[in-house]
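So that you can tell them apart, the chains are marked A, B, C, D, E and F in the order they are listed, and the count of residues begins at 1 in each.
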Amino acid sequence: MRILLINPNTSTFVTEKVAAEARRVAAPGTEIVPVTGRLGAAIVSGRSEDALAATEAMCLAAEYGGDCDAVILAISFDSGLRPLREMLSIPVVGMSEAAMLAACTLGGKFAMVTFGNRAAPIYAELCHGYGLSGRLSNVVSLAPLTDAEMRDPLLILPRLVEAIDRTVCEDRTEAAILAGAIFAGITDDVAERVNIPMLNGVAEAVGIAEMLARVRPRKAKCGSYQLPAAKKIEWPNSALVSRFKTF
Amino acid sequence: MRILLINPNTSTFVTEKVAAEARRVAAPGTEIVPVTGRLGAAIVSGRSEDALAATEAMCLAAEYGGDCDAVILAISFDSGLRPLREMLSIPVVGMSEAAMLAACTLGGKFAMVTFGNRAAPIYAELCHGYGLSGRLSNVVSLAPLTDAEMRDPLLILPRLVEAIDRTVCEDRTEAAILAGAIFAGITDDVAERVNIPMLNGVAEAVGIAEMLARVRPRKAKCGSYQLPAAKKIEWPNSALVSRFKTF
Amino acid sequence: MRILLINPNTSTFVTEKVAAEARRVAAPGTEIVPVTGRLGAAIVSGRSEDALAATEAMCLAAEYGGDCDAVILAISFDSGLRPLREMLSIPVVGMSEAAMLAACTLGGKFAMVTFGNRAAPIYAELCHGYGLSGRLSNVVSLAPLTDAEMRDPLLILPRLVEAIDRTVCEDRTEAAILAGAIFAGITDDVAERVNIPMLNGVAEAVGIAEMLARVRPRKAKCGSYQLPAAKKIEWPNSALVSRFKTF
Amino acid sequence: MRILLINPNTSTFVTEKVAAEARRVAAPGTEIVPVTGRLGAAIVSGRSEDALAATEAMCLAAEYGGDCDAVILAISFDSGLRPLREMLSIPVVGMSEAAMLAACTLGGKFAMVTFGNRAAPIYAELCHGYGLSGRLSNVVSLAPLTDAEMRDPLLILPRLVEAIDRTVCEDRTEAAILAGAIFAGITDDVAERVNIPMLNGVAEAVGIAEMLARVRPRKAKCGSYQLPAAKKIEWPNSALVSRFKTF
Amino acid sequence: MRILLINPNTSTFVTEKVAAEARRVAAPGTEIVPVTGRLGAAIVSGRSEDALAATEAMCLAAEYGGDCDAVILAISFDSGLRPLREMLSIPVVGMSEAAMLAACTLGGKFAMVTFGNRAAPIYAELCHGYGLSGRLSNVVSLAPLTDAEMRDPLLILPRLVEAIDRTVCEDRTEAAILAGAIFAGITDDVAERVNIPMLNGVAEAVGIAEMLARVRPRKAKCGSYQLPAAKKIEWPNSALVSRFKTF
Amino acid sequence: MRILLINPNTSTFVTEKVAAEARRVAAPGTEIVPVTGRLGAAIVSGRSEDALAATEAMCLAAEYGGDCDAVILAISFDSGLRPLREMLSIPVVGMSEAAMLAACTLGGKFAMVTFGNRAAPIYAELCHGYGLSGRLSNVVSLAPLTDAEMRDPLLILPRLVEAIDRTVCEDRTEAAILAGAIFAGITDDVAERVNIPMLNGVAEAVGIAEMLARVRPRKAKCGSYQLPAAKKIEWPNSALVSRFKTF
């Protein structure tokens, strides 16, 4: 089984992190195929960069998705999730989506943990968009990260632990998600120090993508997730234009 | 007052329709500045085309928004609404958003009327994303439109009337929205034949944009709608790249 | 265009405030016609006074609404909003309703700011009744106001700023409403000192009333907002009795 | 125990119906004290008449509530419920509120059955206002009733049965409420002919009022249901004015 | 009228408490018939013990419910409420359910007060399951109780008062429920010291059970609360096995 | 990896079906260990049988769960899901829960398909309990099944197809779940004949259990899913009693 792991951020250090984490938990026989964005922001941090990332993810999927069995969006805003799900015939899973779905099987309410003051409302809306607000206890924000902390988030381990302890106490949180591709690989370090299960999304996305690829539910032939009608679009990416021509 | 009217569809006949409707209801002294998408689909009809339209709307806003007092998105998926609201310091209003907010002042529950089997779930999600599901009675779908019907939707007037009569009867609908930029200008023709108020969104968006431009609420300086941090992005549109550089 | 501005409080100083604010933002050519309650409480502060204000607003509308193009309820409980919307053929907008609808176009979640311990649950219910609970971050209460502070709320400017800063921080609030007709005219003073857009409702109600008066959606001919059937009612107000006789 | 049964409709035949039904199910030792509205509409049928009924209910409570242990609002819009609950120190129960609370103990989702096309949205909003939308399966509307049918609703028994059978089948309805004071006393006739439990509200309101009068929860001393502050109000009803003076 | 009061905890001191409280508020002529669990946990404190209590409540109902007019579940997780409601033809009321329904008639939002860190999410889910989340302000947790405090919760009166004062202040709480059968009988002691009405559920359950027994709504003949089909089940309780054989 | 597949129905033909389906989709190296209920009903069909199945599932887990890596509940009411999740340190997945979570990744809204008139409200509540009501389009009920149809549900293939086609058309359904362990193995037969993806839950539960077993989120050490305190319980199952003694 081949899983295309799309990181629409243009930072390869993030791709490397998420690919390593994906490979760590993949079932035997699963090949992880990571690709990185070329257009857009180095690290997507808000609404407009998220929109750019969505179209870049579409281009990457058009270029590299051909011989894969499933796609994972390794960006914590799940940029482009619904468009990809429409335009591809293979399963598509967002890392935050996967984290939230997995969290539903582990506790009553889950928290999301992020940093800075821009992202928290976006994660709350993401969760609302998935129909899961009723399971969300809170979105907790740490202070903005430095570049060094982005690259090595274990530097903020004490702050993460403190934030999680607080939401456990105040919000009836029973599971928590480290929201952000940069947090890939550190959930266990945090989990050892807190009282609730921790998730990040990359690992869970691998498992859910494998599940869907194995179960093989049929592609919708009607509704909002059927393939688009074949048509001529204008776009500075020939793979995407071809894809639309031949739907 | 200058209002930039962005149609991110690449069809100029749609731009002409929405501009005419906008001018019909604009207050004295309001100038409507219409622009049309260059990249993407002629008529946006689904999730992936919507994502392309969002970034095209961002480019158009970066190029033409400079001396305007407000922006209207004249596309019924409100493509790019949140990104534009983040990256601009002037008010931004989506046509379907405006229709829904206006509908809230006219009746208990409102219906949306669309065509084909692809768009209905997307409109329902749009409404859910605005936190207005509790006011939505139903999304009603007519059969797909021919090209001629797209250009002259009065051809399907009897079908529209019948659909609205039915949702009034079955869903406690007290106001209805003709969802789609192509329906601009025909609400009165429908309203004469049904028992509830009809909206389309373009006219309401003009009024709400004028209101916001007059009230002048301050741009957020924190949270998810503050301006993005200045940064280098890669994008094949120099106006957009410049915009991000100078935030 | 003539807009009837109903203040069903019996305090003329409140009417003067809201009329001044309404005139400040009205479009050229809009005439504001303010009227003040004669029956009920000087300043409506709770559920039973709100009920009295609703019927007083109905009487004022029956007496003065004849040659107007729209009605604004300049009382922050929007007392009598739905009854007026049923009994009149022109648009009716509540000031808090207008503030909430406008807030939806400015940020993710909005807070309402009030004072005393009686009003907060009522505002939360008002918001819930409009189907907008999903957009409400919190209702924040300051200590009760003195008479002098009621007349000049700039006296409590530091307390307002502090309350708003706190809800921005704790509740992911991205816009805030100063709930209360007495706050008309001070939103800019507050907005200068906080990081999010501020609203009060009077200004927004003017813009939405103008929009509706210009768009002219048809009066419902069925459902809960059609005109009442003509009938004899008993009520110590001849204008209201006449109105019901001739519906 | 004395229970004040307020019918703010000005029709005594309705008062007689609800008083008979209340007496039929009251516990031994419970005295039912019925009073009828003097101002307002003969049969309240919409939003503006409901607002008038609310203030009339307040006047009736101020005049007759003095030596009672609880109040029942015998009008199916529960007109004035929250204002009465604020201004009185004894429990207040609305008949539709009681029906809905009782329905919660009998099945999963309940339907409300009404007539005409005006009332259904109002009942849906009433239920929403009580926070019970999640338990409501549908509001079903029969054709408008004639005067004779209002006075003797058994005339429409077959239509009621058919409507209930349909909502059982289509909406997963497991209990139904005959919404309307005029339906008092006929639930058993309907229940014999359908497959789910039937409620009307008057009988349930008696039981809940008795329960509250026996349990005697303390009157709130803060929040939106504490007694209003003593103040001078203007109102053409001396009992109400006195009440406000002496709070 | 005979009301079966089922305490599926295996602790007789709890049964004694709840029986005393039930008798205190029962109407003249109501006989309270208390029974205690034999299988399961002494004091049910979590999800798996709750599941055991549910089947034990079913056995107790099969053995003792024969000549009763209603059943009360005197355990604050309302263990077995829906199964009992299906298998019995008489009304069944859970104590926490009753407390929540009564709270709906007393204030806007109600809090639940519990102890330890295990129960709070379960109470929140219970409330959600009843469709009442919109009325819940918070579930407040005190530190775990000692055995002595379990038997005499007045020992923690100051902690209860402090917790309630805080939720009144922070969560707009207007009524509070002492969740737990062990709190039966102390609501008045708390209520004297706080500003909002207090409930526990046992007293309210008696009143609601009496109401339902008097109103006598018909047993459902379809849907999820009709009697089970007669069938052979395996269970180490002959009364339950017989019951299923003869449905 | 060993997955305990608990069928708390006492019918071995159901266990055989679900075990076959589980093995069909399991990853290489996954061993499926099926067990069947001894106590309770042959085919659980309602609320009281569901409660019995929950405790039987607890006993089976206590007896057989020792050396397994995850547990699947192969009963479509997910009987005992939360209790098992509390008392075990390994992941537990319900088949309907798994189907719903997977459906969230495939379309906007999903329908559940069942038979008879008893189960539909229970599935709707199950979905509500998982916080997923916002994703549920409808619960569709076919006529009751005969014994033969239970054993070979392909006999009702045309009825299934018709029901799914109808909910696609009327309810904006974009994915559907055949709710019931007896439907294990026939989703592809249905999917070939309809326009949307089909799920049953057993296959998805295997994949989600494998994912959780591979990711190994930590067991909660606080909250409602921590292990119960060690205590003496009374229960006619020594494995369960031992388990509680040694928590």
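The definition used in the following text is that contacts are C-beta pairs under 8 Å (C-beta built on N, C-alpha and C of every residue); 3 or more make two chains touch, one makes a residue touch a chain.
Bear in mind that the values here come from a model prediction, so they are computed numbers and not experimental data.
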**OP:** Identify the chains adjacent to both chain A and chain F in the sense defined at the top.
**Re:** B, E
Original post:
When the C-alpha atoms of chain B and chain E are each averaged to a single point, how far apart are the two points in Å?
Top reply: 51
**OP:** Report, in whole Å, the distance between the mean C-alpha point of chain B and the mean C-alpha point of chain F.
**Re:** 43
Subject >> Contacts with 2+ other chains: residues of chain E >> reply: 85, 107-108, 120-121, 125, 128, 131, 133-134, 172, 174, 222-226
Subject >> Touching pairs - complete list by chain label >> reply: A-B, A-C, A-E, A-F, B-C, B-D, B-F, C-D, C-E, D-E, D-F, E-F
Subject >> chain D-touching residues of chain E, taken from the complex the two chains share >> reply: 25, 27-29, 85, 91-93, 97, 101-102, 104-108, 130-135, 168, 172, 174-175, 187, 191-192, 195-199, 203-204, 206-208, 210-212, 214-215, 217-226
Subject >> Touching residues (chain side chain A, partner chain E) in the complex >> reply: 107-109, 134, 172, 174
**OP:** Under the touch definition given earlier, write down the residues of chain A that touch chain B in their complex.
**Re:** 10, 38-42, 45-52, 54-55, 58, 80, 82-87, 117-122, 125, 128-129, 131, 222-226, 228-229, 231-236, 244
Original post:
Touching chain A in the complex: which residues of chain E?
Top reply: 120-121, 124-125, 128, 133, 139
